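Every chain is named by a letter (A, B, C, D and E) in the order it is written, and numbering of its residues begins at 1.
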Amino acid sequence: MSNLWFLYLFFSALLIFTGIYCLLTMRNLIKLFIAVEVISKGVSLVIIATGAVKNSILLAQSLAITYIVVEVSLVATALALIINIYKKNKSLDVRSLSKLKG
Amino acid sequence: MVFSFIFIPLLIAACLPLIGKVSKKIIPDVLTNTTLAFLLLNSILLVKPVFSRGSLLQNINWFGELVNLQIALDGFSLLMLFTISLVSLCITLFSIDYLKHYGHQANFYALLLVMVAGMNGLVLVPDLFSVYLFLEVAAVASYALVAFGLGPEELEASFKYLMLSVVASAFILLSITVIFGLTGSLSFQAVARGLQDLNASLVLGVCLAFFIMGFGLKAALVPFHAWLPDAHPSAPAPISAMLSGLLIKVSGIYALFRIVYSVVGMTPALSKVLMAMGAISIVVAALLALGQNDVKRMLAYSSISQVGYIILGLAIGTPLGIAGGLFHLFNHAVAKGLLFLNSGSIQHITGTRNLNELGGLGKKVPVTAGTNLIGALSIAGVPPLAGFWSKLIIIIALIQADHFGYALVAILASILTLWYYLLIQRKAFFGPLNDRWLKIKEAPFWMTAANVILALLCLLVGIFFSPVFKTWIAPAADALARGVQQVLMWGI
Amino acid sequence: MKVETITQLIIFIPLLGSLLVPLAGAISPKLRSFWSVLIGGITAFLPLTLITQALKGGEILWSKRLALGLDFVLIIDPLSIFMSIVSSFIGFLIIVYSLGYIHHEEHQNEYYLMVVMFIGSMMGLVFSGSLVFIYLFWEIIAIACWRLIGFYRQKDYVLKADKAFLMTFGGAVVMLLGFILIYAQTGTFDLTAMRGVAIPGSAVLLILFGLFSKSATVPLHTWLPDAGVAPTTVTALLHAAVLVKIGVYAYARLFLYTFKIPAAWQQAVIIMAVISSLIAAAGAVVENDIKRILAYSTISQIGYIFLGLSVANPTAVSGSLLYILMHGLAKAGLFLCAGIVIHSTNKRDIREMGGLIRTMPMTAISFLICAFSVIGLPPLGGFFSKLLVIMGAIKANQIWVAALALFTAILTMYYLMRVFSLVFLGELKVSAPEKTPSMVGVVTVLALFSVLAGFFVSYPMKLVQLATTHITWWLR
Amino acid sequence: MMATTLLWPIIFPAVMAIILFLIPARIKLVREVLAVLSSVVMLYLGFSLFLLKNLSLKTNWLGMGINFDFRLYQFSAFILLALSGFLFLIVLYSTIKMKDHPRIREYYAYVFLAAAFSNGAVLANNFVLLVFFWEAILITTYALITLGLKPTSHRTAVKSLIIGGLCDFSMIMGIGLIWASTGTLTMDQVHLEPYGLAAAAFILMMIGAIGKAGAMPFHTWIPDAALDAPVTFMAFMPASFEKLLGIYLLARISLDFFELKVGSPMAMVLLIIGAATIVLAVFMALIQKDLKKLLSFHAISQVGYMILGIGTAIPIGIAGGIFHMINHAMYKTGLFLSAGSVEHRTGTTELKKLGGLAREMPWTAFGFSVCALAISGVWPLNGFVSKEMVFHGALETGYPIFAIAAWVGAIFTFASFLKAGHSVFFGPRSTEVPKTRESQWSIVLPILILAILCITFGVYNKLPLENFIQPVVAGHAEPGQHIDLAAGALNLFTPIAGVSMLCLLIALGLHFYGWKQGGKKAYLASEPIHRLPVLHQLYDLSEARFFDIYEQGVKFLAWLSRMLFKFIDRPIDFIYEKVVVSIGRFFTVLFQKAHNGQYGNYLAWTIGGLIVVVWVILKLLQ
Amino acid sequence: MIIQIILLSGLVLFSILAILLKDLLKSALSLAVASLFLGIIFFRLGAPYAGVFEISVVAGLITVLFALTVALTRKDSEVQEARLTRLVFPLFFVIFLIIDGLVMKSLLQQVPALPTGPETGSFGEVLWKARTFDLVAQLGVILAGVLAVLALFRKKEEDKDE
């Protein structure tokens, strides 16, 4: 069974890598947040896969659902932030967010 | 009732927006302060039971086990609860007058209470996933609070904070899940028991690295610190105090060391890594603080540096080191809370935080200046203030554990610490009086009162360090020092 | 009253009393002055009642157990009593002098708060028998000092204050590291439990850092001349009477009374002391600012005290202890005279002054007497201390060191006489009257004491002898 | 008699000093009477103690062998008596001379304090006590010079202080060495062979002694003081008190504390210093144009004889030295007082302005002449006796060069006094000075007393020699050897006396030649020698204070200080002020640059940190 | 098994598309598709409720939120991404793929199998009984989110006052 676990871990690692790559290189705020979503997909995949592989899918399922709720809350907050930033900056470029430095 | 630490603030927070429609100011003020005062009282009352029994495990079973809540309270958590209640009470007192700048008291207080509830929950739950959840509760509230001013800088800081935090919490959750996969359970006790006879050190090592990164980011360890100097200064002063004083400690240090000591068990390898990171944080952040012109930004870097001390102490692994680290955690919470509130006072008084524009305020606002001085010296570790004792204990522990090099770093960095605090003192308070500030007056009553209370705490804890240490710190340190045994004992 | 009780009162009356100064100041300036003088007076008086205890010899220990073995220990022995008498007395005189000197300045609340706290923590330091508490009071003094140096708020003044604070703090924390090394070895901070313990050289080095930085010994001395930007009362307090003696006192307490210092380190201190003395004297010759000259002079004299203590035979040690008293009186006198001069002429460069003996004769004569005492001319008190230190050095076979010390004494003579000639003699450049009676009175008293201390040297000497035999117990 | 009597000569003048200081400036008469009376009391005390001879007092003082220890015996009693005698004369003289001095209160206070300290120094039987009193005199010297009230007075005072300090500090060093090697500080318990460390101790102690006495090269403040200080001071300190004390101590050092052997290195040191002092100082004296300054150089030159005498380490030489000391004190005091008398009346002591005063001031002229002849060693005055003894001793050492030096000194001594006396009292009456008359009795009386004493001690040399000198030397003679110093003292027809007389004749010849050359102006009589080729340059250099160890020393001190300050002190400060700060600044700026506000950058650190942590943990786990 | 791998590959593919596509709306839609895949994977792994949640909430609600945001920020919000980013992505991706594969393979031997029995009870029981606290925390998170949105979209009072 643990072979399977590592298979899922392998794919979720790919997802997380993709997300982080995007976070590191992309500039559009919304795009960045999409990357965060990609990462969180990787995480939820791991949760469910672990539960499935380790015979505790019910528990894992409840965790995953909770996680999704958290995600929604985060997305709401983040998008609210992004909209506010857009209102102030008239731009979605993350590079313009560098007034605070030093 | 230990549960009140979580439920009451949540409940009040839920009600506040509605109450806010009725009364904009007074009721939210009173309600919040009463709540926190109640929590403070509660935490003090808990000292005796926890002291006598070592730890406290509480269950709620309602509706035929449909509602099954379990809470574990030991010395360490109690210390955190006490610190949280104490500092946040002072912060809300301060907010009474300070919030005039922002308005929307009800909303503000609600978020603040949610954050408190999140931190309290994090401290109380004996379950890895719950730790993550409460971490997020506090975090989401803090994102909003950082951006509460809605200015471009606030939004920018909040956004960066959020984006970095999200990555961190993803890794935390990942790690929790992997541990869940390894042991098949999530509660501290079961995980600790499971890990004891598990032979998977490499995977576990990676998990711990994820934890270090995740919680390290929350605690702002170098190199995961970059969000903090943006986020803390941008927030309203009470929130800066809250974040620097409490949040980074609870969601970073508490969580990390609870897991490291009580769940996984401290290993020499972990100790080495954490100590090295602590030492790096101390030095790098201190140097960075030196170059700041914004009071709050300097304080923020100082927080990073001091977190370095705390982690350096906690990571030694000896009981004395843990005690020193925890004591410093407490002292830093108080003193940094004080300093951030104080910077709020300065901003309130003068409208600026730029050190180069300030100058000579000491003459006009002696109380603000004096309390600032006390806080600064306490953090710098100048006796007889509280910070001295904790740093002393940390350094003693370092030497006793034969970490002479780290001791030297800690000592020399305290000179740097003093150096940048003296910059604040010199540029803001004790230099020649800037003509712009000829007509300024002392900050309003509640702001000053909060400052004075915290300053007195710094002083009194320093003078009566012995009883404080025995009552609060020693049980907490014991709880941690017992390591995995502590968690395994809970069941009994 | 029990001796222990008196001692605790000596420490806590000024420490707690100082906190009330701002409150008193909020009510009225008169009350504040009265309160400060009262506290200072009590603090100066109480140690005198301990003299009988000192004459009995021996020591009384008192301790309060605190967490982690960081106990609060008091050692009441002839050494601490002697030191407390000297510093509280001079401190008291300085408070009285301040009444006139600081009269028109702002921030008087802070000033008196810090001065009284300074004296209180000095008392605490003197009686402390625990390394941690020595450090603790040490740093309180540093804080007080820092605020006092920066009293005049000018930009570069506060910078100098910060420099002084940072240098002394830096030295002190390094010293703390040394303390902790000792703790790691012995498991206690209590000095009385560690007597005769041989400590490693690394700890000695670290502690010396602290002592040298506080006592402004080369190469950690440069903050002291810079600290001359403080009000003169403060510089008198810092340089002459109390502050710089702390390091010396701690040396006696640690390396004579308590630990065995390795011979190589002892030799190193001897050499450092005499070099410091020489270099500082050179600085005093070169400088033109009166307070900087006196500050360098202080550094130079501190070198002698260190020399005596590090030579560590009874002659030299008693010479050093006597030096603390004599130098305290005389240098405080010099600084306060300089204070009067600066206060009335508003100049600090000695080349711009001259002929002041005509307008302020009492000040001039007091200055001269104190200068003679510092030089070490009989029949003034300074003679005995310097003589004993040098004799002790020769006795310990440190002949070249003694010769160098004597050479420095000639330099001392040279620069002090230079100051005197330029300031008080020659043509009158700035006419300025003498100041308030409280100021002139204090300098006269100090000069008088320098003279009396010379003629009646056997009385302080008795106490010093007791202290010496007590702290050099290992010679017995 | 109680042993505490010993304290009287110290406490009494000290108390008097305070009383005299406290008497208001306006009540002149009371002060003067009181001063004279107390000096009489002092004289009485001196006499009675001299008759007592042996007395000692010892109480505890500082512990560690530093006791309050006084001892009166032959030698110290004699010196004590001499000191009180001179004190009396000078106080008497001062009542007139210093009458209108604006700081007269201080003057008496200092004089009596100096007397107290000097008495203490003489009586002390403990080295520390000795130094205490000895060095204390410095302060009174300093203070008295400043009373000259000239613009340069204070400078000279400081000069005396620093030179004195140098000497006294070296004495302290010597005492320290003695203490270290013998373990005692009681003076009569110390007797060392001057080898090795003890030799160093000897030299250092000796510097203290001869420095006080004003030998070369520690003399340079004296000529300056001659012009800047009150003349009474010159008579009081350099002429009498300091010579007495210095030579007293030198004798104690050479006779008691150390075993000085004939021809031993230490003795040679003394001889050389003595000879050099004689010759060099007398050459300087010769060309002086001011009476007081001329006298002051002689005061230095004559010290040479005393040192030379003691340095011979032969009883007769030592006796000669000590006798010369007391004689010199008399005639030099007499000379200074006469100079003071002249100054008192004419207001100047410049040779050029004076002349032919003998008629108007006959008693002064008489006193001056007697003293001048005595200092020149003219038979049968006291100077002759003591000088002969010194010549004798010097020849007996086996190094005739020292005797020759002494004779050379004698030539020029006489020559310069011929010049001085000639130009002040004889010759044509100068026009630059208004008509005047003899000084008051209290000025003339001391001069006359001293002149008479000079004659007495010369003619009846047996009296002082047997009473004062012989007992001192007695202990140092070879066993069985009987010393009878007075026996052939006045014998003119010995080779040595013959040479001496020849010297006087040469001096006379020189003066005559010079007087002729200088157009019969007496004050130019020394010019031919002044203008000698090499000497001329040397004189110029010394006028420019090139040979003045003080001037050079102070320059050296200033230079050294500047060097130390510039190359040690400032660099240390530079490290704190600049180096540390800029290193801190450098890293600060470096780190600050890294925090550029870019989110991607921060995330990269985070991820990088994560990778490093993973790597390190895995590494540590393996 | 094969189907599972295909589903997983689809998930990764659409995630990559989500980040690589230039148009934000298309990105959001790709994300929704990826969520759909994930939901199916959940379902196949025996977590139907989680699958439903994933599809309804993430693929539905969050996509709507994204679309809304994109719509709200449409005006001149073009952000020029660096072209290199997209070009080198495959390279990095492949490198990581290899590393990932190797690491996972090497870890494979490290982890001992866990001797656990199958779970008992129903999903609801597990969620309520064992994870009650999670529900409390969920409430907290939602409250925090709501309050955050309220705070961020509040009207500034000062504007009126001033």
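Everything below uses one rule, namely that contacts are C-beta pairs under 8 Å (C-beta built on N, C-alpha and C of every residue); 3 or more make two chains touch, one makes a residue touch a chain.
In this text, all values refer to a predicted model and were calculated from it rather than measured experimentally.
S.K.: Using the touch definition from the top, how many steps at minimum link chain A to chain C?
M.R.: Between chain A and chain C, the shortest chain-hopping route counts 2.
S.K.: What are the chains that chain C and chain D both touch?
M.R.: Chains in contact with chain C as well as chain D: B.
S.K.: By C-alpha centroid distance to the whole-protein centroid, which chain wins?
M.R.: The most central chain here turns out to be C.
S.K.: Among the chains, which has its CA centre at the largest distance from chain A's?
M.R.: Measuring from the centre of chain A, the most distant chain centre belongs to D.
S.K.: Which two chains have the most contacts between them?
M.R.: Top of the contact-pair ranking: A-E.
S.K.: Return the chain whose centre of C-alpha atoms lies at maximal distance from the corresponding centre of chain C.
M.R.: It is E whose centre lies farthest from that of chain C.
S.K.: When the C-alpha atoms of chain B and chain C are each averaged to a single point, how far apart are the two points in Å?
M.R.: That pair's centroid distance is 42 Å.
S.K.: How many angstrom lie between the centres of chain A and chain B, each centre taken as the mean Cα position?
M.R.: Using C-alpha averages as centres, the distance is 26 Å.
S.K.: Centre to centre, by mean C-alpha position, how many angstrom separate chain C and chain E?
M.R.: 70
S.K.: Could you put a whole-Å number on the gap between the CA centroids of chain A and chain D?
M.R.: Their C-alpha centroids are separated by 97 Å.
S.K.: Would you pick out the residues of chain C that each touch at least 2 other chains?
M.R.: In chain C, nothing touches at least two other chains.
S.K.: Check each residue of chain A and list the ones that touch at least two other chains.
M.R.: 5, 9, 20, 23, 25, 32-33, 54-56, 59-60, 63, 66, 70, 73-74, 77, 81-82, 84, 97-100, 102
S.K.: If you look at chain E, which of its residues touch at least two other chains?
M.R.: 107, 111, 114, 116, 130-131, 134, 137-138, 141, 144-145, 148-149, 152
S.K.: Taking all chains into account, which pairs touch?
M.R.: Listed by label, chains in contact pair as A-B, A-D, A-E, B-C, B-D, B-E, C-D.
S.K.: Could you list, by residue number, the parts of chain D that touch chain B in their complex?
M.R.: So the residues of chain D touching chain B come out as 584-585, 587-589, 591-592, 595, 597, 599, 601-603, 605-606, 608-610, 613-614, 616-618, 620-621.
S.K.: Which residues, counting only chain E, touch chain A once they are in their complex?
M.R.: 5, 8-9, 11-12, 15-16, 18-19, 24, 27-28, 31, 34-35, 38, 41-42, 45-47, 49-50, 53-54, 57-58, 61-62, 65-66, 68-70, 72-73, 75-77, 79-82, 85, 89, 92-93, 96-97, 100-101, 104-105, 107-108, 111, 113-114, 116-119, 121-123, 126-127, 130-131, 134-135, 137-138, 141-142, 144-146, 148-149, 152-153
S.K.: Considering only the defined contacts, which chain E positions touch chain B in the complex?
M.R.: Within the complex, chain E touches chain B at residues 107, 110-112, 114, 116, 128-134, 136-141, 143-145, 147-152, 154, 156-158.
S.K.: Show which residues of chain B lie in contact with chain C when the two form their complex.
M.R.: The contact residues of chain B facing chain C are 320, 323, 360, 362-363, 366, 377, 381-384, 388-389, 392-393, 395-396, 399-400, 407-408, 411-412, 414-415, 418-419, 422-423, 425-426, 430-433, 465-466, 469-470, 474.
S.K.: Residue numbers of chain B touching chain A in their complex, please.
M.R.: Residues 129, 133, 136, 140, 143-144, 147, 150-153, 155-160, 162-163, 166-167, 170, 173-174, 177-178, 180-181, 184, 186, 229-230, 233-234, 291-292, 297 of chain B touch chain A in their complex.
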